[in-house]
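Below is one structure. I have some questions about it.
Letters A, B, C and D mark the chains as written, and numbering starts fresh at 1 in each.
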Amino acid sequence: MLNVGLLGAGRIAGVHATAISSNPESTLVAVSDINAAAAEKIATGYGAQMRDTDAILNDPAIDAVLIATSTDTHSDLIERATAAGKSVLCEKPVDLSLARAQACQKVVAANGKPVMIGFNRRFDPSFSALKAALDAGEIGKPELLSITSFDPAPPPVAYVKVSGGLFRDMMIHDFDMANFLMNAAPVSVSAVGTSIVDPEIGAAGDVDTAVVTLTYADGRIAVIKNSRRAVYGYDQRVELLGSEGLLQAQNMLENTVVKSTTAGVTGARPTFFFLERYMPAYTAEWAAFVDAVNGGSAMPVTLDDGVAALAMAEAATRSVKSGAPVRLDSLGV
Amino acid sequence: MLNVGLLGAGRIAGVHATAISSNPESTLVAVSDINAAAAEKIATGYGAQMRDTDAILNDPAIDAVLIATSTDTHSDLIERATAAGKSVLCEKPVDLSLARAQACQKVVAANGKPVMIGFNRRFDPSFSALKAALDAGEIGKPELLSITSFDPAPPPVAYVKVSGGLFRDMMIHDFDMANFLMNAAPVSVSAVGTSIVDPEIGAAGDVDTAVVTLTYADGRIAVIKNSRRAVYGYDQRVELLGSEGLLQAQNMLENTVVKSTTAGVTGARPTFFFLERYMPAYTAEWAAFVDAVNGGSAMPVTLDDGVAALAMAEAATRSVKSGAPVRLDSLGV
Amino acid sequence: MLNVGLLGAGRIAGVHATAISSNPESTLVAVSDINAAAAEKIATGYGAQMRDTDAILNDPAIDAVLIATSTDTHSDLIERATAAGKSVLCEKPVDLSLARAQACQKVVAANGKPVMIGFNRRFDPSFSALKAALDAGEIGKPELLSITSFDPAPPPVAYVKVSGGLFRDMMIHDFDMANFLMNAAPVSVSAVGTSIVDPEIGAAGDVDTAVVTLTYADGRIAVIKNSRRAVYGYDQRVELLGSEGLLQAQNMLENTVVKSTTAGVTGARPTFFFLERYMPAYTAEWAAFVDAVNGGSAMPVTLDDGVAALAMAEAATRSVKSGAPVRLDSLGV
Amino acid sequence: MLNVGLLGAGRIAGVHATAISSNPESTLVAVSDINAAAAEKIATGYGAQMRDTDAILNDPAIDAVLIATSTDTHSDLIERATAAGKSVLCEKPVDLSLARAQACQKVVAANGKPVMIGFNRRFDPSFSALKAALDAGEIGKPELLSITSFDPAPPPVAYVKVSGGLFRDMMIHDFDMANFLMNAAPVSVSAVGTSIVDPEIGAAGDVDTAVVTLTYADGRIAVIKNSRRAVYGYDQRVELLGSEGLLQAQNMLENTVVKSTTAGVTGARPTFFFLERYMPAYTAEWAAFVDAVNGGSAMPVTLDDGVAALAMAEAATRSVKSGAPVRLDSLGV
């Protein structure tokens, strides 16, 4: 039984609390948050204790911590938790600063405890089935990857100002998906972006619609499309053309009802947003973490993966500004 | 080159005239109709002559006739044309009277010329692909067949009064489809029907919605559903469960556009009616007839097939009235 | 908080234990089973006690019992539990004997406690969305209902001998679905059946493939297709033709991956069987029961619904033997 | 009746000959080709005469010519035909040289006869329905366009050497589709390409896989993906995200059969290549030309459209070499 401390008590922390509690091999022991009431609520709901973060990190009975706090605390908490001997699952991104994340890598390597980064989409049943089919050679050699990732509605401009921008808070998932599926980092990153959905996002220095093209050393190409607004729901699709076929992971729909009328043939919308779409992925992600810790095996998503995606976000941010491709090796990665 | 006379100049005759003319191995020579203007119009449009039926049947230069006149003339014209030495493609049904159709069978057998009945759906690309997959053993042994066949809108009550009713004018296509796919005639026919779409159809002695269950000597079962009204378009689907899988032929849609909005995910409607859906089938049907005549091979759909479907329509008509299953052998077939 | 006793500790009882425990408004207090080890295992897994059935029924602290024992005990336990003042959710069918189920109805009416029958499919997200669209008038007046319900593989013959047969153990769900969607009981039931999947099922006096046609007083028609074997997975579909359109609830697939190769365009199979397909339905079913008990409102599926479906199963069993339709009023319902 | 001369007798000329002949308002009068046998064959098949090009251009009874010769002759023939007073439909591209095409524009303007360029995909039922839905405001304001266009198999390297390369012979259709749907020319063109399908294509100086990103003055973005090889068939899809929804035009499949087995749920492949997919588009394209000539209305696709797409191909060719975006205004367009 893995005893777990949860750092953070926001919405995503609640999702993780459910996953921890429903897993027969892990127990939620304690929750901390700067908002004590929020921590108390989760603790009560799952038979855990509300504590402060130090108390959690210093408790030798706690084997692992799940970090679901604000992004600016991730690197510090990863370092402190691993120093305290805990296994760590940390929400993405590792940090907004590539340099800080790289420093964290070094500390973690020294501390010698495993760290997993929460790229939950790798555990989505459809994306993982696509990856399995790819690895089984079902479409031969992959050549051209396309990732479509649209949110249902743009976030408040206030969020955009602190999130690190679209490439670091949103497309970072897609960068990791590209790395996961292409099994390699790209050589160059070329981005175009616009604030066509909400000009205030542009005024805040960010984009809300972007297309990023990645090129690989062996000639493969990937393209990622992001939009902050798809009014019909959360649009999360992947397609990969290979030498012997095409693999697509399509959207989950709310249900399977189809209505045919004089207006056409209408099915349900895609599931609304990430909580609806990715709940099974969060559960599977946690199970994979528990299995890796208990089995002493390698983390299925590593801190290196987190840094690699962050470097791509940094490159895309620079490319959209300069209007030219950015080589990843120019960022020291 | 097959020289062809066309008997009839209504809407379906026009479809056949196009198929005859566009086929490189057949030429439309002459057209007859009790409505001379209609015959003249088709003749002009396709470089043929308007003649009367006798002149067509007596012309030794005409190899084949296509009968697309009203149903009550089919048996007579089949007999006269084969007596005159013509190969014949006749629209369904052979006759409204099973006894008359059976008499026609005898005359045709004596005349020794090939007769094909126009069950065009056998030549639809999807239904013929389904049949090919079945024959290739792709779902093992067939066990349970379902046919859905809905018209977009009910016909005028005046038509219903002379058409022989839903089972003879509409479901007869589905009876033939069952015979085509099951490769056997059923043992018994059990029908329920209602005039829920248009009570005037009920007042005229017919039904507009019906479900017919067919049982086979070897234990297989088929079910056919008909409705005179599907406001979303022509609904023509088949599915067949076998020991190793399921085959479905789904509807043709008007186009492949899909629109996702807050209202859901909407595709195009099915093609509107039989002219839109089955135009490729009419072309392929004619080509199969030409090939059979030119090659001296067996007709792909025979007069016997026409009589078999008619017998099932007769049985269904009796069953819906008696409320009990009707054995086909009780009809002398 | 609703304190719950679980009677039975088999596979489906485990499903219910999960639903009870994960619902924030109910607590699993005790479990009983003739197999003490099975009861102990569930009790341990969910923090409950293993007790015998009498102890559960006599415990005034237990508000409700969920009956998931073998079918032959259902009526007795429903009567005893309601006599003991418990609210009851009982798995289907109420009984194999229509007369016994009707007697149970009278006892329950006298005991005055609410009883819900576990027709879980009403709570499936797709079927409930279809029902909501129907009730909202989205396809006008319903006219023709089709239910397809195929299991992935036939049960052991030993099961068939005690289950009451296909109509009582399998199609009973579809009878209830018809009642749910048509909002009325049919007038007559006409069934054909065959043991084409497994002749030993036929030797045991049952069928493994069946088509049942239902007619309604107002002219509507329903048709239900069952097969014990669909090798591609659990096939659970409904379609309903109305005066203004068609509603279909299609299968849930294992994932959304689509692979295009020279062999065609291939998607995932339907979810394997009822546990995979209907887990969300079991959770929603339990939530509906808790809401009804806590709110003092009518049960969403009643004992009367259970008896109505059982009567249809009885009628179908008679019809498949006699080869003639059976009127429900001939069964005294 | 429009009397038509056909210049060229290759495969695509045969497609056009069928469209001309089956259109009730046009007649194929004469065919020319440097390969006299090929011209003779088409002429015979459609009741036309084999002539040389001069004879066709000088015949005052010929109203229009359809140019389906090799690309290097297009500009000259457009100029000569319009000088001879003919209306012209010319296959794409106008020329491989942007400068030559621009010179042709000037000559045509002086000659004053209408010229249509054969961007047949605008007349595809699905793409034209998507455009109609867009123009009807069904997804609000367009923001992000994606075009997927994969051929089933790469052409011979010999073809690539004379075709002008992927951007001029293949993606030029997609450039026109972008112009058609976005209703504006882009500001900049950014291309990446690789010869991952066939290294010999790379050795010949071309790419076989490419992604092109287009940016527009108002902030919109388009991305085009091309591959010379999709083993599953001709993959021709468009999707357009707008402020109020998403429009997608999906592939045409060979038929509607779906097979469910233990291997999954398999549908038919996309139609094989452009002749199968776009035959209805060629027919509609010709009808639109005839309507425009007869009605004296503007050509639905103009020579300017042809030059605009060619400029984008030129820009993409430069971008893929330089590794940087190319502004269209830098090309003098």
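As a convention for this text, a contact is a pair of C-beta atoms (placed from the backbone, for glycine too) under 8 Å apart; a residue touches a chain by one contact, two chains touch by 3 or more.
Everything quoted here is computed from the prediction, not taken from an experiment.
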Inset, instruction - Could you tell me which chain lies farthest from chain D when each chain's centre is the average position of its Cα atoms? - result: C
Legend entry - Chain pair showing more contacts of the two, A-B and B-D: B-D
Inset, instruction - State, to the nearest whole Å, the distance from the C-alpha centre of chain B to the C-alpha centre of chain D. - result: 40
Inset, instruction - Would you mind pulling out the distance in Å between where the CA atoms of chain A average out and where those of chain B do? - result: 57
Legend entry - Numbers and ranges of chain A residues touching at least 2 other chains: 230-232, 235, 244-246, 259-262, 268
Legend entry - chain A residues within the chain B interface of the complex: 230-233, 235, 253, 259-270
Inset, instruction - State the interface residues of chain C toward chain A in the complex, per the touch definition above. - result: 22, 24, 45, 125-126, 129-130, 133, 138-139, 244-252, 254-262, 268
Legend entry - Partner chain C, residues of chain B touching it in the complex: 143-144, 146, 148, 150, 190, 192, 194-197, 209-211, 213, 215, 218-221, 223, 225, 227, 229-232, 235, 241, 243-246, 323-325
